[in-house]
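Okay, handing you the structure first.
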Amino acid sequence: MSILPKVTKYQIYDAKNAVLIYYLVILSLVALVGVYSSSTSSVSVVDVTISSNVNNSGLEAPTAVVKREQSMQEDNSFNASGLEGSTAIFLFVLGLNLFKTSFKFLSANGVTRRRFFRENTLAIMIIAALLTIIDTIMGATFKLLGHYQPLYEQIYGNITLLNGIVWAFAYYLAAIMLGWFITMLYYRSSSLLKIVISISPAIVFIGLTYLNRIWGHVFSTIGQFFIKFWSINNLNSYVAARNLLLFTVLLGGLVFLLMRRAPVKD
Amino acid sequence: MVNYRCNEPLNTLSFGCERMLFDFNSEKPLYMQLAEAIEDNILKGIFVEESQVPSTTEVSVNYKINPATAAKGVNLLVEEGIVYKKRGIGMFVCSGAKGKIAAKRRSTFYEKYIVSLLEEAKKLSIDKNDIISMIEGSN
Amino acid sequence: MGLIEFQNVSKNYGQVQALTQVSLNLEANKIYGLLGRNGAGKTTMLNILTNKIFPTVGQVLLNCENVTENDNAQTQMFYMSEMNLYPEGMRVGQAFRWTKEFYPNFATDYAHSLAQKFGLSTKKKVKALSTGYNSIFKLIITLATNAPIIIFDEPILGLDANHRDLFYKELLAKYNETPQTVIISTHLIDEVADILEEAIIIKSGDIILQQPVEQMLQSAYTVSGEESKVDEFAADKKVIHQEMLGRFKSATIYGECHSEERELAASLNLDITSAPLQKLFIYLTN
């Protein structure tokens, strides 16, 4: 721990509580579902989405939104899936919160923007790797307990563990970086621009729907792009991982540009 | 107008039972006022010859003045042969300092005190003989 | 070590000119006062120096290196900013520990002993601190970092008289023990005047004066006595302030007091005293 750069160390320390709470929630839910499903004849698949309050004072305790979907199973066994999806969303939210408060504090301690970018990137790589390992172990444990499929198996079928780990790592890293990117956009924007950014997804969607009516191929083209990006057509998780890494690098570059002249404000 | 700065001494090297008085509103620079205050205390016998005087650090912290100012005041006294530095220990009063200060002050005694005394007496219509009686009557 | 140089630094926010061609040279190991009214540009200067914001024109050097985005330069300075940069949920003790990570010379024991002297509980969270204790918390950290350059922006805001006294004494004790370059930015002049070695006066984004305080204090004096006599004395002089109580008047004169002035004052039965730096400051920054 002491050989890590100071900013990296601080950022990991800052994320520690959120990560612990996240896994506590996951494990409690899994335990509850496990107890519930093994004591009833009908089985439900629990899809857990963890969301957090994103506000200016930092990460609040995550709240769990639990959606139940009916599914047909023959036996009363423990059933769960797609831990990676939840973790990715959690990491996205983590990314949203890892900049503002830390940047101010580190600035007060003489840390330059360049140094923050470098050492924070290392931090998010470590966090992504750590959670990949944890989720892999948890996934393996769930498999022993009952029917469990990691998200990547659901998408790509039966791939090797290494395959899955690489894919998950790339997925997690991209999620954090996306969060960081969006928080940088907000940080560098005036109040007006913030509003514009907030409503732009809706506007874009409406615009695309309209274009689709005229041109007709918009959504299918976008769909095709996603399929190619995630390599669902070829079921090649390595291609997806590579694409995710490229996406991360691209966002990283944008984050760096946005950070370069970022003022420190109260 | 005289302002009275009371402070707790830093350590056992206190300023004695009296406090150093700073005349804030004098138009003399602060370092000069400090030098004069130390001289006063030597004259009064609070700082005895060959005994230690407060260091610049003590003066600086106790009276909340910049050490450079304190040092300048002390250096003034070093130059006039009133205090000297014992390496590794601190500042000490020179032998004969008291005499030196007295001699220096005697030469300005007339200007500083007699003239203003006479002016004040004139304001109050006190004549010379009354002044002389007052002086003879006191101890 | 510690040579700071502002080279023709300007900063504008849109139409507002916060700093106009500021050039300044600071030597090592002196206690400097950066004096100016509210909004004069003191904080802007310090924010540029400590890499919080960027100059529009010009640059600031530390030991001939540009300070902007310079890790090496920034770790030699510690700035007690007016801004609240500490995470709200962080405790005082934690803040000490983390500061030590970034400033290896941070003296933890000293910081804790200062906290005790000031009555600051190290278990308290930053958000639970009052204005005064927030200042105390930050100034303790600044004093304890042992950085070659330490900068205080309005350090005594919200401090009661006892704490102010304690601050000055602790600052001087530290400075006497380990010389550092100290910059104190404030508009509360008289309190801090005796501690400063040199003062820099800034007015509306412009540096109007940089001088040893001793010289500044010699550049003005006050005469007081009977009104007509004072007027006679001051007839051909620059009067920057006057007060009257009945026929008793005191006038602050901008100029040096030499023997001729003393003689004239004596002949007119006037008292000569020093002019407080504050009066001079008000005059210069009006």
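A, B and C are the chain letters, set down in written order, and residue numbers restart from 1 in every chain.
The rule is short, and it goes like this: contacts are C-beta pairs under 8 Å (C-beta built on N, C-alpha and C of every residue); 3 or more make two chains touch, one makes a residue touch a chain.
Please read all numbers here as calculations on a predicted model, not as lab measurements.
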item	value
Contact distance in steps, from chain B to chain C	1
Geometric centre: closest chain by C-alpha means	C
Distance between chain centroids, defined by C-alpha means - chain B, chain C (Å)	30
Between chain A and chain C, centroid-to-centroid distance (C-alpha), Å	48
Mean-CA-position distance for chain B and chain A (Å)	75
Numbers and ranges of chain B residues touching at least 2 other chains	none
List of chain C residues in touch with chain B within their complex	30-31, 165, 168-169, 172-173, 175-177, 194-197, 213-214, 217-218, 221-222, 257, 269, 272-274
For the chain C and chain A complex, residues of the former touching the latter	47, 50-54, 69-71, 74-75, 77-79, 81, 83-90, 98-99, 101-103
Complex interface listing, chain A residues touching chain C	6, 9-10, 57-58, 101-102, 104-115, 261, 263-266
Touch list for chain B against partner chain C, complex	1, 24-31, 56-57, 60-69, 119
